[in-house]
Structure formats: C-alpha cells, structure tokens
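Common to both upcoming complexes is chain A, partnered first by chain B, then by chain C.
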Partner chain A sequence: METNQEKTANALILMPEGRLDFGAAAEFQAALENGVAEASGAGLAIIVDCAKLDYVSSAGLRSFLVGARTAREKNVGFHVCSLVPGVAEVFKVSGFGQIIPPLADRAAAEAAVAS
Partner chain B sequence: MRLEVSGQIECLAELNAGLQTEWSRLELPEEQLFPFELSLEEIFTNVVKYGQDAAEPARVIVTLTRDGDSVVMEISDSGFAFDPLLAATPDTSLDIDDRAIGGLGIHLVREMMTRVDYERRDGYNVLTMHKDLA
Partner chain C sequence: MSDQNNKEAHVSLLEELVLLVVEDDGSIAHTAGTPGFGMAVIGACLVELNMQGALDPDLDAMHVLDASEGRGPAYDEVLRTVAAGPVARTEEWVLKLYPMAQDLIRYTLDALIARGVLERGEKRFLWVLKERSYPLKDGREQKEAKRRIIDTLLSDDIPSAHDTVLLGLALVGGLLEGFLTRGEIVRLEKRIQEAGGIDLTVRAVETALSQEQLIRAQEMIYPF
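Let's turn to the complex of A and B:
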C-alpha cells in the first residue's frame, strides 16, 4: 500500500491507496504518525483522503485509531474524508465514525480545517 | 471452492487471491465482496494469533458456495477449540481514549454477515457465515 502526500495552506493531506489489511497496517500507522509529527511542527491539520482506499480491516482501523490519538496528544486536527462504501461501512459498524467522523469529500475536509 | 493453507500470516494473500478468483467464477456481484474479504482476514488472523503457542500451525480450510440468494463461506481450522462468537462485544460507543485496540475483528464479522455459526467438528473449529445478497 502506498500513501501519497500533499500540502495546502492549512493541512497536510495523506492519501492512502489500495488495501489497508493486516500486512499494510504497521506501515500505514507509521505514515500517519510521521504525518502528525510533520503537521505539528508546521502548524497544520491532518486530512486523510480515502478516495483511493479500497479496503480496510480491523487491523487498519487500529492504525487510524493510533493516528488520531497521536494527533490529539499533539493538538493536531485529524480528519478523514471521501470513504468508499465498504470502508464507510466498516467505520460505521465499528463505531469509529463517532471517534473520527468521516467528511463527505475533500472540499468538506478543507472547509473543516480552514476555520 | 476449497482452499487449504497453513495458519501462518504469510498465507493471507494466497487465501484472499483464492477468494477473489472464486467470487468471479461464481459470477457474484463485485460490490458485495468486501464483507467476505474482511471476514476471511479477521477470522484467519485470529487463527494465526491463537495458534502462536501450538507446536505447529493449524490447517485452515475455506469454502465458498452460493445458495440461492445468499453466499456461504465456511472457515475451518485445526487449532485449539475456540469459539470466537463467545468473545465479548466491544463497546463501540466509547471515546477515543477509552477504545480498546483489540476485539474489533469478530464484531465486524458479526455485523457485516447475515448469520454466523460456530461448531467444533472432527477436531476443527468451523465458522459458517451466511450473507444474503442485496
């Protein structure tokens, strides 16, 4: 799995691509933690744009949870957006949607970090 | 379909590839594969985890069949007798700091499948999952 990055004026955007399964979870967690560290230093929020994330399992959810906790500890905003239907369902039934409420799309996420 | 692998984490990719091939062969709708991929990963990683202290890895056998408007996946493993359905349901309403890191996998399987049954049969744990096609 690959995680590309982009920067806007207010956010560091992480774009995971492919399958976030057991085998990819540790690498993705490291990408989130590195992203949070970078965002913290630059005064940015994190947006995880999941438009190209096809699949997530409980192992992948744990990476999101650890990433969100790290962000909270460092006072970095943490948002996810653009979930495909299967990934959205996993967020919903796991209750993660209440911890990290998914935003509809990139525009909504950028609006959330603009204020 | 009958896939048989050793209960070692390296075999997950092979199992998943087998599931995808069979899904196409049965001409099942692509958009409904997700809960099966997920359940296969969650159950298989559990078998691997609980088998870590065993002298040798469990055998894991997966079958997939279409039954009218539903799909049935059966995952059997020769590991220690263990009924994952007895695991406590995690509290999915807890806040970020209180959420346990574990216990989610089987919860997801139960939520995403129509029915899940466990039995111990001839030295195997057999988990049978039914899902009605939407």
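Let's turn to the complex of A and C:
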C-alpha cells in the first residue's frame, strides 16, 4: 500500500492506494500523523481521498481514528471522501462515519474545506 | 508489592474491562454473570489480539495473522481456538467463544493478582493501588477506567482507539449502569452512541449479543 499526496491552496490531500490491513496500518497512520503535522504548520486541512483504497480492516480503521483524533487535537480540519462501497460499509458499520461523515468526492471535500 | 513494581505492571484492555466489575469494596458486580459481559470479555480479548497483530477482522471474516502462543493463557486459548476453526465472521466467533468467557475472566483476575493490582480476600478482591489508578501498556499512568469513560462521555473530543473500545464494551456488558444513573445514561445517550465502539469487533459483539438474546427469547416462547 502507498499513500501519495497533493497540496491545494486550502488542503493537504492524502491518497491511500491498495489494501489497508494490519500490515499497512502503522505506515498509513504515520502518513496521517505526518500529514496533520504538516497541515497544522501550514494552516491547511486534511483531505483523505479514498478513491483508490480498496479495503480497510479493523486495524486499518483504527489508523483512521488515530489520524482524525490527532487532527482534532491540533485543530486541523479532517475530511474523507470518495469511498468505494466496501470501505464505505466499514465506515458505516463501525460508526466512524458518525464522527467523520464521508463526503461523496474530492470536489465536495474541497468545498467543505473552503467553506 | 512496592509502588515501583506496580508501575512496571501493565493493565490491558481485557484487564480494564474485568476491573470494571470489581466494586470499590472488592465485591463482584452482578453484571459479571450476564451474557453481555461475557461477550464483552470475548470482544476485549479479540481486540487485544488485533492490536498485537495476531488477528485482523473485517466485515467478512476474522483473519489469523500470527497464531504463535506465549501471549498469556486467555489470549493463547482464544487464538488457538480461532486458528483451528473454520473461516467465520467475527460475530460468529464471539458466539462460539462465549462459553470460554468464565475461564478468561478467571485467567484475567489471576493475572491482576500476580501483577499486584488486586489481592485475593475472603469472597472478594482487595484493591492494592490507591484510587484504582494503574499503568497502561505505554507506561503512562492512567486514571481508572470508570473515570476515563466518564471523561470521554463529557467531552466532544474524538476518543482514543483504546477508550472507544472500552466504552463500547462497557455498554454491551451493561457496566455503565454501575457508575452512571439511568438519567445520566439517557442524557448522554447520543454521545455514548457516537463515541462508543468505533471498532469492527465491538460492533460484532453487539450483533452476537442480539443474536443470543433472540435465541433465548425464542426458547422462552417455544420451549419444546
């Protein structure tokens, strides 16, 4: 699994790709935490664009929770978007979607950041 | 045991859950005998095994990643059973493992006594540490579980991965009634639902308990 990133005027966009299972969770969590630190210093929000994220296990979900918590602690906006159906189901069943409601696509996430 | 030795002992999620049924006077709360608490104990064990990298559940199955033993009797017994069994969803595993809950609680109480958190008294346990505080795995001194659950409920923060599981399992296990009034639970219901159990295993425990209650209800109505 890898996590690419882009930067816009308002957000640091992280784009995980592949399977987020126990083996990938620590690396993804570090990418989120580093992203939050960078975003905090630059006054940006975080958008996690999950369009190419195929799978999330329990351990992978935990890394999202840690990332969202870290962002909240540092007062950094944290949004997720473009979930494929299997990942959307994990967010829904676990209740993570209640804490961080997923947005339909990148445009919706960027609009949320800009508002 | 000295304070220094106590600081070296680490209290796991499973141990924290079991400590929640040990009352301040050392007696065991009546909720310890309920199916909800038994399944919460199974859930705590499965979450710990997930955090250790031995298991990794998803919505379809409980995947075994590392079946090596030496993790302690409770974890070894659960892991051995899951590794030897068929591929099944987590809620199915919770139901299959549920008969082991009493043994897991006993192993856990033994471990807490060995670590110096509790002492065995006559028909009750004695708290060794003042104010029921104890160290967690990362070595930080932590407030006791009840206090952290209350703090989580009174906050708007996103809960830690540990505390959301603890709250979710305490809810399933019927433990919140032991330290919150009915009115407080009603008032905090939205926050309880939002912050508790953001975890696939906890959700599976909830499903398993519902299934078990349905089976028992059917047995009650159709006993023959």
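In the analysis below, the second predicted complex is superposed on the first by the 115 of 115 C-alpha atoms of A that agree within 3 Å, B and C clash if a C-alpha of one lies under 4 Å from a C-alpha of the other, contacts with A are read in each partner's own complex, and residues count from 1 in each chain.
Quick note on the criterion: a contact is a pair of C-beta atoms (placed from the backbone, for glycine too) under 8 Å apart; a residue touches a chain by one contact, two chains touch by 3 or more.
Owing to the predicted nature of the structure, the values given are computational and were not obtained by experimental measurement.
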item: Partners on chain A (chain B, chain C) - clash or fit; value: clash
item: Which superposed partner A:Ala59 touches (first chain B, second chain C, both, neither); value: both
item: Chain B versus chain C as contact partner of A:Ser94, first or second or both or neither; value: both
item: First, second, both or neither for A:Asp21, with chain B first and chain C second; value: both
item: Partner chain(s) touched by A:Arg69 [first = chain B, second = chain C, both, neither]; value: both
item: Chain B versus chain C as contact partner of A:Pro85, first or second or both or neither; value: first
item: Identified clashing stretch of chain C versus chain B [6-14, 24-32 or 42-50]; value: 42-50
item: Doubly contacted residues of chain A, that is, touched by chain B and again by chain C; value: 21-23, 55, 57-59, 61-62, 65-66, 68-69, 72, 86, 89-90, 93-95, 98-99
item: Residues of chain B touching chain A in the complex; value: 9, 12-13, 16, 31, 34-35, 37-38, 41-42, 45, 90, 92-97, 99, 101, 104-105, 107-108, 111-112
item: Chain C residues touching chain A - in the complex, by the definition given at the top; value: 50-51, 53, 56-59, 63, 65, 157-161, 164, 193-195, 197-201, 203
item: Partner chain C, residues of chain A touching it in the complex; value: 21-23, 55-59, 61-62, 65-66, 68-69, 72-73, 86, 89-90, 93-96, 98-99
item: Of chain A, residues touching chain B in the complex; value: 21-23, 55, 57-59, 61-62, 65-66, 68-69, 72, 85-86, 89-90, 93-95, 98-100
